[in-house]
Structure formats: C-alpha cells, structure tokens
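Structures for review follow.
Shared between the two complexes below is chain A, which has chain B as its partner in the first and chain C in the second.
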Partner chain A sequence: MRGIGWASLNQERIVLGLAVLLFAAAAVGLPGFLAPDNLIAIVRSVSVLGILAFGMAIVIIGRGIDLSMVAIMAMSVAWYLQLLNGGMSDGPAFLLVLAGVVGIGVLNGVLVAYADVPAIFVTLASGSFVFGYVRSQLITQDAVALPQGHWIELFGGVRYLDIPVEVFVFAALAVLTFLFLRFTKWGRYVYYAGDNPMAARNIGMPVRPMQVLRYVLSALIAFIAGLLTAASLHSINTRIVNSNLLYDIVLVAVIGGIGLSGGRGGVRNVLVGAALIGILLNAMTIIDIPTLYQNLIKAAILLSAIVIDGILNPRDEQTAQQGDI
Partner chain B sequence: MSFRERWQAWRYNRIPSHLIGEILTKRWTDNAIPFLALVVTLAIFGSAISGFFKPAALQASSRQLGEFSLVVTGVTVVMLGGGIDLSVGAIFGLACFSAVFVFFIMEQSIWLALAASLATGLVFGAVNGYLVGYLKLRAFLTTLVTLIFGRALFDILVTAYAAQVQLSDAESPILDYIGDGTFLGLAISVWLAVVFAVVTHIALTRSRPGWHVLAVGGSRRSAHNAGIRVGSTVFFTYVFSGLCSALGGFLIACRLSGAGPGTGQNLEIMALTAAVVGGVSLGGGRGSVVKGIMGAIIVLVMTNGLIRLGYGTGTTQMVLGLMLAAAVTIDIRWLKNRHKVLNEVYVAPVYLKMGEAQSAEPDSGTPYELDNRLSAAEHIGLGELEGPEDVILDRDDHLYCGTRHGEIVRFFAPDYKRSEVFAHVGGFPLGLAFDRDGNLISCVGAMGLYSISPERKVTKLSAETARSLTSVVDDARLRDPNDCDIAPDGRIYFTDSTKRYDAHDWTLDSIENRPTGRLLVYDPKDGSTRTLLDGYRYTNGVCMAHDGKSLFFAESWACRVHRYWLEGPKAGTAECVIKDMPGYPDNINRASDGGYWMAWLGMRTPSFDLSLRHPGMRKRMTRRLPQDDWLFPNINTGGVVKFDESGRILDTLGDLSGEAHPMVTSMREHKGYLFVGGILNNRIGRFRIAGADENWTSPASYWGGAK
Partner chain C sequence: METSVSDVIIRLEGVTKAYRGAPAVRNVDFDLRRGEIHALLGENGAGKSTLTKMMAGAVEPTSGRIVHHGNEVRFASPNEALDAGIAMVFQETSLVPSMTVAQNLYLGSEKFLNRLRGIYISAQQFLQSLNFPVDPSAMVETLGAAKRQMVEIARAVHHNAEVIIFDEPTATLTPEEKHHFFALVRRLKANGVSIVFISHALEEALLISDRITVLRDGELVASGPAADFDRASIIAAMVGRTLSGELYQKRDETALRKPGRKILSVQDVSMSKIVRNNSFSIFDGQITGVFGLIGSGRTETFKIVSGIYKRDFLRGGTIELDGEPVRYLVPREAVKDGIVYITEDRKSEGFFETMGIAENLFGGLLASDREKSHIVSMKEMQALSAEWTKHLGVRAINDNARVVELSGGNQQKVVIGKGLVQQPRLVIFDEPTRGVDVGAIAEIHQLIRRLADDGLAVVVISSYLPEIMNLSDRILVCRQGRIVEEFSPAEATEEKIMYAAVH
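For the complex of A and B:
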C-alpha cells in the first residue's frame, strides 16, 4: 500500500520531510523555538485540532467525511453551558447533551449508511442544521460563558510537569484511536469497509451499522474537543462554526496522507499533519506574521503538498472511481 | 362472461394505467420534485410576507438572484462534469475586489475593472482546472485549498485597502447603471444571468463540448475510452465556473460600490445547496442549468424570506441544512429506486379472451395438425449462425439472412457451404426483401428500415413516423420494425410490432398483450413514412399478395392474419382472413402455387390463454417472480403453415423432434426448396417441397424475369 518502489515518496513522507525541515530551520533560525515551553505550546496549539482530526480520520478511512464536527463541537457545548446557566443540574444536562450528540451522529450515519446519501452532503446539511437549530432555538447569544467553579473550568486548569491537560487528552485520544483502529475488530472493519465496501459487505461484515458507529464516534470526539475548548477559554463562542476550523481539520487529516477515498492511513498520518501545522503556526507566530498572512502561507503550503502528491502519485483514468470527488 | 371477467376487462382495458409507467420513463419527471419545491416555497413565502411579490421588492431581490444564479450556473456545470467547486465564494470575493481596486483605487475605466474581474476568475478557474483536470487531484480537496487560499488573500486585501476605497471619489454612470439600473424592467444582473443560463443550456444540450462535459460526468472512464479528452473537458468546466463567479463578483462590486469582509462568504455552501436542491446530482452527468437556477431561486427565497420574517440568527442555516438533507435524500432515493418503480409499474397487462382454436395435435385431423416433416430438413450454417430471423434468396440463388450480431450473412449457391458477411448493419436485422433493383431491404430491430445495395452500401431509409398526438412514449421512433415487403410501385410496407417495448423485450409485450402494433409504409419517392394501421397485438410478417393489390400481415399475439387492401373497393381497409390459429404467426411469404407460407413462432397453450384472461395475475407475476419463472407464449414448438388466397389452410409442417426447427420465424420458397429460419435457431433449414415448381423463384415471379 505504501512505499512501492518509485512511489516511495508519498504524501505522508513529503509532509513529514517538510515538517522536519521546518522544525530544523526554526530551531536554527528562531530564538527560543527549542525552549520546552515553546515546544509544549506547539503541541497545545494543535491539540484540539488534532483531537478533531482523529474523529475525522476514523470517518475518512471508512470512506466518509464529517463536515458537521465543528458545529457539533461548538453547539453541543454551548447548549450544555446554556442549560447549566439556566439552572439545570449537571447530571441531567450532561446526559441530555450527550444524547443530542449521539443522536446527530446516528442521524448522520443512518442517512449515509442506509439512505446512501453522499456523506459530504449529509454532514454539510446536518452541520448547518445543528448550528442553526441550537443558535436560533436553544441559546441566546453567540458566546456562552462557563459557570463559575464548574468542573470543566477546574479540569482546564490541571497541569502536570507544567504540561497543560489538553496535551494529555490529545495523547490519550491518540493512543485510544490507534488501539481502536489497529487492534479491535471494529477498527479493522473501518479499513476493510473503506477500502472496498461491497467486498466487505459480501463477506458478511456489518458495514452499515459500523458506518453509523463511525459517525457517532466522530460526534463524541467533537463533543470532547468542545469541552476542552471551553475548559481552556472558560466559554464557547459559536462563531467558530463560521471559521476555517472545519477546513483545517480536513486538511490536518488529509495532508498527512489519509486518502479521501478511504481505506488508507491512521493515527500516525494525523500526527504528521498536526505536526506540520503546529510547527508552521508556531514559527510564524514567533516571526510575528499577522494571522491573515499565516492563513495565506498555510494554504500555499497545503496546496503545494497536494500538488506534489498529485505529480508523484498520478491517478489513472482506468482505475479512478466514478463519482469520487 | 362472468362478472369477474367483465370487471377485469373493464379495469385493465379501460383504465390507462400504462400511462403511469410511460410518464415515469420521461426525463422531465426528474424536474418535477424541484419544481414542486419551488412552487411551494414561493407560495409559502409569498403569503407569509406581505408585499413579497411587489415589483420594488422583487427588483431588490432579483439583483441578488442574478449574481447568485451566475455562480450556481458555474457550479452546476462543474458538477455535471463530475467535479465540485468550493472555491466559488473566494473567486466571487476576489473578483469583486479586483473590480473595486481597478475602478476606485487605480481609477481606471469600468471596462478595465470588468476585465480585471474576469481575469481573476480565469486565473483561479484555470488553477482549479489544471489541478483537477490535468493533475487529476481530488476536486473537493483541491478547491477547498484554493478556497482557503483565496479567502486569505481576500481578507488581506480588503483589510489593506478598505479605507482607500472609502475615500475614493471615482464615479461612473455605467457602474451605477449596472448596479442600480434596469433594462426592460429587469436588473442587469438578471439579464446577464438569463443570457448565461440560456447559452450554457444550449451549449450543454446541443454542442459537442457540452456533450463532452455530460459524458465525462456520466462516466469518466467510458468517456476516456471513447476518446474524449477528459482532462481538458474538466479543465474548462472549472474555468467556466471561475468566469461565472467572477462575473457575479463584478456585479456585486457595481451594486455595493465596494468590497466588504463578508462578500462571498459561505457562498460555496449556498451554491452547492442550490444546485443540489434543484436536482443536479453529485458525481456528475445528471442535471441541467434550469435545475440549478430553480435551486438558486428556492435557496435565495428561503434565506431572504426568513431574514425578512425576522427569525433570529441561525434560522437560515437550520432551514438550509434541512433543505439540503431533504433534497439530497429525495434525489438519491429517487435516482436509486426510479428504475425499480418503473419496472414495477411499466408492465400493464390487458384482458383478452382468445377464441377457441382448432387442435394442432398430430392425428387430430384438422388442417393445422403438426407433423415431423421439417425435422428432415438439411441444415445450412449449423453452429455458425445466431438468430437467422428471416431468410431470402436472390436471383443468383445466393442465400441471405440476418444475425443477432447485426450482420447480413450471405451463403453462396449452389451448396451453401461457404458464407461471408455481406454487410454489417448493426441492431438485429429481421425481415428481408429484395426490391426491383436488387437492393436488400431490411427491418432492423431497434433501428429502423435499411437498404443494402448490391455493392453493400448500407442506407437508412426510415427510423421514424409521425408522432401521434396523444402518446406519452415517443411513438414516432420505430422500436421494433419486424418485417417488410415491397409493392410493385416501390413502396415498402412494413410493421413495427410494439410502441411500448424495445425489440429484445418482445416477451414483455406478449405478457402485456396491449395492442400497439402498427403497419407502416415508406415511400421511396419522397422518403416519407406513414402509419397506415395501428392497434394490433404485435404486427409481424408482411407479404404482398401475388397480384400486388393487397397485402397480408400477421398479428402474432392474437393469432390472426389480416389482409390490407391497397387497391380496389376496400382500399385502405383491413379485414381479418385467418383467426384463432393454434400458433403465433410470424413472417409470411409467397409460394410457387399461388398460396402463401406462414411461419409459426410458437404454439398457444391453454395455460397462457387462461392467463390472458387474468391481467392482474400477469401483473403480479412480472412484479414478484424472477423472469425465468414467468409464464409466456410457448416457443418450443412452431411450424410452417400454407394457406391460399382466401385464407384457407392447406398444409401444416412441423418438427416434433424439437431438434432442427422447434421455432420457425421465416421460410422462403426457392426452386422447389423451402428455406427455414428461426430467431432463436442456430441454422437455416433446407427442405424439399414435394411437387413444387422447381423453376419458381420469388424475385422472378414477382418482379419479372429480367433485372
């Protein structure tokens, strides 16, 4: 699958090479880049993005895509905080929101798996719906603040060896996702169904229920990412739904070499993608490039990465899949 | 007749339930759902918002609609080509900024601003097109990245130049006119959108490049294998989309006289929703510009309507999400299940009570009694032939037949051991006839009436007749031209067996039993084709009478033979001359003794005759049983029947062994021999007719001795 002779320069290696080059260049050229604090900041800056990318990766490997993740992440937590601010006790509120999150995941999955609707459209629609419904019906303002002294706030303040808690959650989820994809039966199904859904179905795998499961997982991971965001910022701003974050997630997952056609890639690819983005953002921040230009540079680098991949691994008309966009 | 039969006859013969299936075969039914959605949307918002349809209000929203429709037209073309363009919002914004920059900051003419806008769209579209078309990158990912890139660039530029634009005092009446003026009561942007939509529609449906786009979207691999340059076709769809978005951006620049940070934001999702809500399929090949425009109107009316109704932030997205999900789900389910629904409802059997037939059993003593004489026929081309439906001999005694592979095969006299492909026509050549000049005329199944000259030049004579006014399916097209014969004046009389099924689906037609067979005439003088008779149950063989003043034609599923008069007091009318035969008649040809040979393609069975009186049962059968389990006419036994001018049966030949000629679809007498063909057979039989004139040949007796 990877490293077949002349094509050994695949996307993952290119991106890894770029990341290493950038890291080296930054280490040499930028004062304070190699400081432990800065290295931690790099990881911290990409932890939420990386966590979201794990969920996205699981879905993409199973030949799907989840464009509703950012909406679920922001709106579930916003609703949760609104319920808490409205005086609901913690347990029922959490369970209610959790049920909502799982419900949206199931809805996505059922429409994709059982109604055969393309995942791009289902999740684009459900993301739009989730944002619109929660924003217009359930919450009153764009930003919802965390109630004073709530456990999420305390959780966000946890440090171990000066390393913030997000990094640990990121690492833990990386390990969990890795174990799920590599060593569990359901995790292996993700690859088989992503590589060839018809064949997987023909040999008796529960392809459709597994598809639903993947969308539920990605919704849950989005919820966790939302809670972490709220933990570090003490509030959640629903305007994040309109930002580039969604595209960043897809790119972190895909830039590391997870094929959008499914069946390929894993946690390592997400980590590679997240490393490139993290180092890039950090280096640019140190050099003091404005955020607007950072977006431009990021986009240019991503563009060159996929162009190089396209040149090195050209698609063939005879083997390309119909309707594969 | 019992009450049940009366009821069945009324229910299945009077209620036109076959129309449901025919309507569902129409491509325009695809448009019905989005059109209905459009009407409902307009009705709801029109009634909920007072003054919604007032000209002033329409004027304001129509400008936005014009810009948006342009973008959607571009996205539609890309989607039809099998791609997706997410960068339209960025191109829209950047093109808007380019125009603003050139006009307000560089203070150049408005036309230069337009050129700058279009150039921006061209460059971005070309980048997208190059990456997706030539480098074959994934459309979704690539345009996502160019979207982010374009948006980032736009944000930088707008932040940097916003103040300067505010301070600029550049003015132009043309800009104001484009932005605020109207032409014949409609905003300029609407005119542009309409022109673009019309031109694009014509290009897509009636030009080679447009067909290439649809072909690539429909099946990329097939298009590639057919020699279409997939790469450049895809490239041009993105360039087109870029230009469309850029024009939209230019228009908004004129309307707002500036570019704000929100220009073009979320436009890609709106355009995508519009295209899909309108019914343009993801993955390509299906959809049209009209659908895209319908979707654009629905989306814009919805979003603007909700804002004007005063719903809070987020409502728009909620409704857009619901709309997108519903539209895609309906579209997918419809696409997926349409042919299933069609299969379920298309076959609409009718009631028919067949007349009692005389027995054809051996030793029954009737003129129809079958014997075993045909089993003694010598075989020609055994194993080489597939499906010689009709056989014919020319003046030089060579033998011709059509095959399943669309070829006319010629066997050389005198022993018919050697053969060659005389001509390749395509389709499935069925009935054959020689005209006065020795041209071979053939009814080609699924294609039409063709002529093959002695020099093997294939010419299409006719593929259509006049369309009847009330038909839903296209009954102008010849679906199953079956047999032909030529009148002394050169006119070619031929049959088209059914209007509702293609040639290979003749079994379905037999089960349905609906009378849609026709007798047609082709006039070589002016090349016209006319329908003479309509409403027969599978018209089949045609044969001119010996005197050339009338013709016989067979009505297979009714087991009848009719005579149609060309001259004389009964000219233009048909009368039934043989009815209630025990077999299903096929081709008819002249015999040396003044009589006629008629082939039986199969034999009636009591079970199938009974099923014809139970149309409901046949409908359930086609719905619920696999095709192999269907009850349909017995074609394992056939025969050759000889009748005279008055329709009296003289003789019946059969092959009871079922080995050589179980099913006979044609026979031709030539110099004392009968040549026998069958559409499902693998040979031609040559059978010695006892006591026949050994010098008689059909061309000589009909057209005269010399050429």
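For the complex of A and C:
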C-alpha cells in the first residue's frame, strides 16, 4: 500500500464504501431487505453478471475489451438447445457448440493480436456476426426452450442450504479466476502485457498468443454464463443480445476499479463492483424505480466513481514522476 | 557582480515547492538577467525541472516569491506565463502529433478564418529565418526527436518570448544538430532573450552559458559566472564528491579486454532503407561500443539481432549465433538463445509503470525459460528482488515502490536488472545512461564492466563519445545503416570517431 489517509482512497475502496453505505441504508429503510431470501436473491441476481464480468476483466486487464460476450453467451446456448431439440445427442452437440465458442474466441484474438485491428471493432463486429448468423441460419425463433428433463434443467434446480447453484458457480469461478490471475505464469503475463505491451514483448513474453488466450477465456466464460441462464430460466432468449447487459458487464468491471488502460485490477475489483450493482438494483426494485431511472442512476454512479478516482489518484507527470523533479 | 534592478527579468526569492510534504525545491534564490544564458545543473531529482516549472507557471511554489520586472507575480498556468513572455521547452514535447508543423506553430494563436496556405507560407519563412530545415506541412508524428524539438523552439521564439527555458534540449540531438542549436541560442541571446538551460552535459553548459547555478537535493549549492567553474568543480558541487577523473578517462592498450569466442556474426543484414548490408561480429568477454549518429541505423541493427525487428525476408543477409544461422520472428526466441536488448526508451518500452520494482524484475524471470514452473511464487519474487536491488544498487523506500516514482538512474537500473535476471550471454545496452544522473552513471558503467569481466558479450550503443571511449574494448562506428569502421580505444580519438560517423 502506498500513501496514507486520503491518498489511499482509491476507486475500489470508494465503491466498497458506497456499497456498505447503501447496504446499511437499505437494511434500515427498506422492509424485507435483510430477509435471507432477499439477500440470496441479491447474490443470485449478480451471479451471471459477475461471471461475465470475470471474463471481461481478464480481457480489460490485458488492454482489450470484448463486446461479443453477450452474443456468444446467448447464441451459443441457443444453438446448443436447438441442436438438442432437433434430435442430436448431447455429447456431439455440446462438443460442436464448444468448438464454435472456442473458434469465435480464437477469431477475436487472432484479429486483435495478429491483424492489429482494435479490439473494440473486432468484437463489436464478431458479436453482430455471431448473433446474425446463429439467429438467421441455426435457430428458428428468438427463444429456444430447454428439452424436458435435460441435465441443465436438473443442474439449475440444485440447491444447497437453500442457496441456488448459480451462486456456487459464481464463487467457484471467482476462485478460479483469482488463482489464474494471481498465481499462474500466464495470469501474471496478462498484467505485464496490459501495462506495457512493448516492454512485455521485448523481454520475451508471448504477447500475441496470450492475447488469443484471453479472448478464448472470455468466450468460454460467456458460454458458462449462458448455460447458467438457461438452467435457471429453462430457456434462452436471444433478444438479450440487444439489451443493456453488455453495458452492465463493463460497468461491474470498471466501477470496481479495473483500469480501462490495462494492467490494473483483479477479481476483488469485480466482486466489489458486483456487490454495489447487486445491492443497488435490488434496492431500486424494492422501491419500484422504473428501469429508465435505474439506468440513469447506474450511469451517474459509474461517472462519479471514475471522477473521484481521477481526483484522488491523479496520474499526471507531477505526482507520478516524483523521481524527475 | 553588480546589476541594476532593471536588468533582472525574473527573480525567484526563497522559493520552496513540496510534493506531499517532501520538498523538491527548498528555499532557492534564482535570478535571470536580460540577454544572458543561465545554465541550471544538478543530478536527476535535484529540483531543476521543478524550479523552472515554477517560473513557467506549470507548478505553483509552496512558499516564496516570484518577481517579474519588479512586480510580484503568480502564474496560474503556463499560458499566463507565456503571455508574460516566459516560454518553456519541455523535456517531453508538448506538440500535437496529428497536426502539421505549421499548425503547431500557430496553435492557440489562430485567426478566426484559418487559411492553411497562409500559415504554411509564413511558417516556412519563419522557420527559414531560424535556419531550421523543417517542412511546415509535415505531420509532427512523422518527425524525429530533433526536428520536433526545433518546432518546439520555433514555437517559443514565435511567441516573442523574453525568457526561454530549455529542459535538457540537447539530449536527443546529434552533434551537428547541437551546433545548430547552440548557434540559435546565441542568436536569441544577441536579440536580448534570456535563456535558462537545464542540462546533464556539463561541457555544453560550460561552453555556452554566462552564469551557472548548481542544485543538489533541492537546494542551491553553487552559483556564479561560468568562468569561475570548470568540469571538476561543477561535478563536485553536483554530487558533493569528486569523481570526474574515474568516470571518463582514456584507456591504454594493456587495460583492454581480449576478444573471446566469436558469439555473433552478422553478414549483409538489411532492413528496408534503414539498415543496409551491415556486417560485423561480436565476441565474448569484451565490451563492443557502437557509435553512430541518430538515424545511422545502430539501434535498428541491434533490434534486428534481438528479434524486435525483422530483417528483410529476401536478401536480408544472415545472422549466426555460435555459428548457427538464426532468424527470430519475436524477441522471445532471442531471449531463449540468451540475447537481451536493453532499450534506450525505458518509459515507453522499458519498465512496467503500474508495478513495483520487485514485479518489474520478476517480469524478466517469468518471461525467460529459467522459470520452469507455471505456478508463480510471491516468495520467489521477493527473494529475487531483494538479491537484485542489492546487486544493482537500486535505492528506493522498499521493493514495492513503483518504478515511475524513482529517479532516472534507479529506473534504468531496474530496466537493466529485468534483462539481467534472464542470465543472458549477449547483452545489448542502448544508450544505457540517457537521462541518468552522474552518480548513477558511474554505477551503471561499473555494472557493465563487471558483465564483460564475467565473460559475457556486451554491446554498448551510445551517442556520447566519452562514454564509448571509456567503456569499450573495441569501437564500431555506424553510418547510413552499416558499420563503417572499427577502432581500438587506445588509438582512437573523439575526432577520428566523429569523422567516421559523419563522412
């Protein structure tokens, strides 16, 4: 930790503080907020969002962005269910879809890493392509239902101590992502390449293969999130691709303090961001604030978190380069 | 020396500037007279930049007074200072890369209707009057460092500045560009412009300035007419110790290291028009100094050797490592073969700015094959860092101090360490002491010598002749994309080397 007092107030802590404040206020002011059911509902509501945000975080820390996640999440599962409904047996269908998901991840990564196309355009285009192609060629309706008695449906019904299975998957992925980023060589590479890609390349890190790996990971994480969604809703609605879910994913990742300029942040930041958004959405739903205003409030909070971080931790020459005074 | 009050353009009285409580400049008095060249010297972190930024309105003093033409002033921004006739040419240029030279010159003073043709013509005339060979319609991003600086200087002159502050103006210039620069500075002086000149190059300060002020640790340690100083006394004031003798001394034949086994053989290597049919060899156990002017292809040649750039696919020549032909597609392959390149531009491709010293050093290990395990151990990182910060003499509060917060010398040591933890066989240093303070230069030179003594093949690329003469066991001179001549330091003189580099 560097600095004391005000200087140590970074975006992560501000957002954590906000979440605690909001939690306390809601606990006092809103009837039924502290009920166990409601608390579980909060965690459950951000599980899928948080899982998607882990994938996004891995990409953003490596100085990229993946805007195709929601399309991959919905369309891969829709295609999978369509294959099952068409009578294909489970194993081959799953492997086929998995290959498709990895393929899109590799395509994103190769275009960003080897063709040097900006990530924002590559993934925006590949997301639209995945949506358009699957919707027009592979499935017949917007929503695809889960076949009766399929393992995903059973999986979605699993409860332990009244806690739904999504929460466990969320927790497991949090631990896995944390272990990957913190304790594996390739996880550490993500930070070096995100901080300074040129320097990382020059000291001999495999910068480009790493970039491909990150987009494959985010695609796989999107697929897992899609399966979980289908498990709890017993179907997948592809119209989610055109919702503001993508915006919420970036919000959760960035609001917790994962720097869009790369190299900074980790799983903890995603958890903090997810906590704030979960509590906020739940409270707003209890008070019955319309969705339009919910979006407005979320946007205002994101903006203020970034501005406050900018004021408290300026990154200009004066304070950053104390050596060159 | 008596001077009337009207002669003093600007005077700083007892100024102090503290960052987060730590004073960068402490109670310094400084004045600048009309038409004088005042050199401001000191190690990195001595407070030179901060002091001048206070004059130029970029930094506000914590305490003390700034008196401009007899009136106390407080500049809230560099623009206010510029309006008062005080311009600063920064170390890192503040030009807009995506605009043309002429647009940059007139930036902020555009008329409502901005005719491009008109400003190109007047910019052309203006640049010619300064004798700057810069095309006004060229994009700034396409210009090299020296030309960018010319534009920057032209902009200051164009604003009719009465005071121009140059922060390390000659660091990126080739010798002949320096001559142009000094001629310009003298012309400005003749026109009554006062100049503050911050530099690491002491000869330049002695050559050009009328007065010299030396800072150390934010305090003024010496000030007076340039004639009262010489190299040794300035260095003594800067570092508080005398080391000029040991830092740059001529070497005789017997002290030179003998070449060991030939490790690298480069034949006819070409890369577009920058490197042309370049051939040379590098040997174990000695330091090969490579001298060349900017644009001579010396950096590019060694970036090809270390896999950062790719040579031409057809007729690109051959590179042999230990007699085996190699063609690296990425630096990773070169690192695996034990070739490490240490960059001249540590900020943009050297260190990792969000990380601490330990993580920066550990990055080198993680990238190399020496780290077999796929699981990273923080304990290993701390141990490595403790060992290497001691070995390199990095001075910081602790190993987790962020590298951007260190002085130039310490940053450079970390960047060097990051390469050395990979245990290379061939180390290429590109401008190892650029932007590094005098004390750290000696330490870095010592480190480089130790590597050669340990039997490694070492290459030092530098545009500073005393450094080349002092470090090298053999000297290669690069011109127009190829090595044109080889010298032994015992027989070479600065004149001979320079002659080979320019003709």
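Definition applied: the second predicted complex is superposed on the first by the 305 of 325 C-alpha atoms of A that agree within 3 Å, B and C clash if a C-alpha of one lies under 4 Å from a C-alpha of the other, contacts with A are read in each partner's own complex, and residues count from 1 in each chain.
The definition used in the following text is that a contact is a pair of C-beta atoms (placed from the backbone, for glycine too) under 8 Å apart; a residue touches a chain by one contact, two chains touch by 3 or more.
Everything quoted here is computed from the prediction, not taken from an experiment.
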Which superposed partner A:S89 touches (first chain B, second chain C, both, neither):
neither
Once chain A of both complexes is superposed, is A:R188 in touch with chain B (first), chain C (second), both, or neither?
second
Chain B versus chain C as contact partner of A:R264, first or second or both or neither:
second
Chain A contact check, chain B vs chain C, more residues touched by chain B
Where does A:V134 make contact in the superposed view: on chain B (first), on chain C (second), on both, or on neither?
first
After lining up the shared chain so the two structures overlap, which partner does A:L251 touch, if you call chain B first and chain C second: first, second, both or neither?
first
Could you tell me if A:Q148 is touching chain B, chain C, both of them or neither one (first, second, both, neither)?
neither
Considering only touches as defined above, state whether A:N196 meets chain B (first), chain C (second), both or neither.
second
Contacts on chain A seen with chain B and repeated with chain C across the two complexes
317-318, 320, 322-325
Interface with chain A, chain B side, in the complex: residues 82-84, 131, 135-142, 144-149, 151-153, 155-156, 159, 219-221, 224, 230, 265-266, 269, 272, 276, 282-284, 311-325, 328-329, 332-333, 336
Applying the document's contact rule, which stretches of chain C touch chain A when the two form their complex?
19-20, 22, 24-25, 44-45, 47, 49-50, 59, 92, 218, 306, 308, 330-332, 334-336, 340-341, 343, 348-355, 363-364, 366-368, 371, 373-376, 400-402, 404-408, 410-411, 418-419, 422
Chain A contacts chain C in the complex at 2-3, 7, 182-189, 191-192, 195-196, 198-206, 208, 259, 263-264, 317-325
Which of the residues in chain A come into contact with chain B in the complex?
111, 115-118, 120-122, 124-137, 142, 242, 244, 247, 250-251, 254, 260, 292-293, 295-296, 298-300, 302-303, 306-307, 309-311, 314-315, 317-318, 320, 322-325
